[in-house]
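Shared chain: chain A. Partners: chain B in the first complex, chain C in the second.
== the complex of A and B ==
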């Protein structure tokens, strides 16, 4: 079955304790990777749990692979692979037990694929889940997801606590997964360099609300980093200047691309990285943000 | 097909891919009718986004270097096509414009610029023989 969108979330609201998701709307077309970024506590995991049917939503609609995820009902298990920051299997299981436990839940479980993935990831099937390193745990969850022929991978902070080699390996696995145009990935992270190259779409959440969602290229094109001397600094409140840091010998600012025309000579304008945008816009999303540091 | 991308070049990735494919076509390494790798397989190999790769291919098609056939892939067009000539002419103009800007800064007059160009043409012709 082909669906146009792997994920379609419209006006999702959910509140509990002191936290609320407010009007979360995002669309991931089938065949692409969406990076889901935002500071810790912004609502990434809560949103993902709503997508997976692990939390009852208060309002709005959630569609995963064309199927409505009803309040509290489980999502389409066969088609969705889930990778959380730690394995969610019984910690005393050996990896062979993991297969025996998972197999009955999936109609398309492929034992040969499971074996070959464990070999490729160098996972010893006699080991216990609790004895795996972070990187091995991540690979175990990925192996399970790929063995039940998932078309959508949902990864919640899969790279936090991973060493660079394991992070690199995950990106390779995802790149291969995406060679099939029916496959899609939602990838939450606070390490934006993981996304800089591979992500097609980026959704940026802060305080339970979406700050921006769209293609990564559009997001990167919308901002510039501007640096200049003390005299060149834009006055506080200049439209389009999202965040300005002043210091003794000049200033550095993140600005909307359309705001950086007609600047004095000697002012440096550079492309912004995802990190620049997440840091500065994250700080400033309630309005223009401006702070000065004491002169030296 | 050889594509080497840099993370620090300050040039967008799609631009880097486009320029390298173009260079390969103009150098004759890729010939008319040759198939480019599929968008998804190139994206996988370079571990970059599918949208970025799609954009590079779309730009190449718009500039007349390749044709994207729905469901079949992307194929190199003859390098003599009118669009390619136009593109090359624009490259020549851009290069010369940059040279003229430098000449103005250096205070060179028209005759001196022409003399430099003549000299370079001679060196170039000798080099090609």
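== the complex of A and C ==
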């Protein structure tokens, strides 16, 4: 079944353990990668749990691959693969046990594909889950997700704790997965360099609310990093300046692109990276960013 | 394979790495039977061990975060609950069958007589204790998770123990419950049906609790 959107979340609200998601709205068109970024505790995992039907939502709608998600209700398991920061299987299982456990739940489970993926990832099927390194654990979850022909991969901090080589390998695997234009990825992370490489869309979340959501290129085009001497630092509240960090030899700020046109000579204006944006947004006071979809 | 059957199988795979400890406990049951020179006690002791270990799926679920696995597999909450009870019942059947066979072997070895009615009476009483204990424990586990509920989960054991002590104190010359049930098939059937009703009621409570829970 082809759907226009892999994910469509509209006005999602959820209060959970002293934390609240507030009016979360995001859309991931089919065939694309969305980076889902925000500081720790921003609401990324809570949002993902709502997508997976693990949390009962208080309001709004959640659609995954065109189907409304209803917590605890049956749904098609095949279409969505989930990769977390650590395996969610029984730690005493051997990798063969993982296949035995998962296979009955997936109508499209492909044992040959599972075997070939384990071989490719050099995962020994006699090893226990608890004996896998972080990188191997991540590969195990990816192997499981790709063995049931998932159309949407949901990744929640899959690269945290991984060395650069393992991170690079995951991104290569994802690139291969995305060769099929019906495949989509939601990639939650705080390591934004991963997203620079593969994300088409980026959604920022902070304090349970979406700060911005849109294409990565629009986001990068919308902001600039500004550096200068102490005398050039913008006064607090300068329109278009998201946050300013002052230090002994000057300042560094993140500003909207339209706000840096008439700056004094000597001030350096550079393109912003996702990392710059995440850091500055994390520091910015509430209200410095627009809280609306498509506000970039 | 139905979803409930698949989930029961998943639970069986979940606790399978602990199979050695079950075998050890069954061996302990035989040892007690030998020491007590009462082969039918193997059945009762094995069932008590079965109750103790039936909570293991909850313990591993807590330890390894298996609720995420159930979420990704899109296992409906109802199926998780019903599957746990079905799995516990199947475990009782298996333990009952294996321990009955062991009790028969032991009685032959010890040269004592073990009648079918005696075995059925012991199984009926064991099932009642099993159903009461599981019936109290499982809703607690579904509500609080194993780690937070495990102390409370000893409550039914304490109640059963207290009931036995009180009964023994009040009527020191009375027959044991299995001996009382032995000549009456009707009484045995009432015990079994009542126990099943307790399990069904407990399952309904668990479904209500788990269905509303955020995982």
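By our rule, the second predicted complex is superposed on the first by the 280 of 296 C-alpha atoms of A that agree within 3 Å, B and C clash if a C-alpha of one lies under 4 Å from a C-alpha of the other, contacts with A are read in each partner's own complex, and residues count from 1 in each chain.
The rule is short, and it goes like this: a residue touches a chain if its C-beta (ideal position, glycine included) is under 8 Å from a C-beta of that chain, and two chains touch if they have at least 3 such contacts.
As the structure is a computational prediction, the values presented were derived from the model and not from experiment.
The superposition on chain A brings chain B alongside chain C with room for both. Judged by the touch definition given at the top, the superposed model places A:176 against chain B, while chain C stays out of reach. Shared-chain residue A:215: touches chain B; no touch with chain C. Taking the C-alpha centre of chain A as the vertex, the lines to the centres of chain B and chain C open to an angle of 150 degrees, rounded to the nearest 10.
Of the two partner chains placed around the shared chain by superposition, chain C is the only one that A:89 touches, whereas chain B remains out of contact. Applying the stated contact rule after C-alpha superposition, one finds that A:198 touches chain B and leaves chain C untouched. Of the two partner chains, chain B is the only one that A:31 touches; chain C does not reach it.
When the two structures are aligned on the shared chain, A:267 is found in touch with neither chain B nor chain C. Between chain B and chain C, C contacts the larger number of chain A residues. With the two structures overlaid on their shared chain A, chain B and chain C come no closer than 27 Å at the level of C-alpha atoms. Shared interface residues of chain A (contacting chain B in one complex, chain C in the other): none.
The touching residues of chain A, counted against chain B in their complex, run 31-33, 171-172, 175-176, 178-181, 197-201, 215-217, 270-271. Taken together, the chain A residues at the contact with chain C in this complex read 16, 49, 52-56, 72-77, 80-82, 84, 88-93, 97, 100-102, 104-105. Chain contact summary for the complex, chain B toward chain A: residues 7, 10, 12-14, 40-41, 43-44, 47-52, 55. Only residues 1, 3, 6, 9-10, 13-14, 16-18, 60, 63-69, 71-79, 211-212, 214-215 of chain C touch chain A when the two sit together in their complex.
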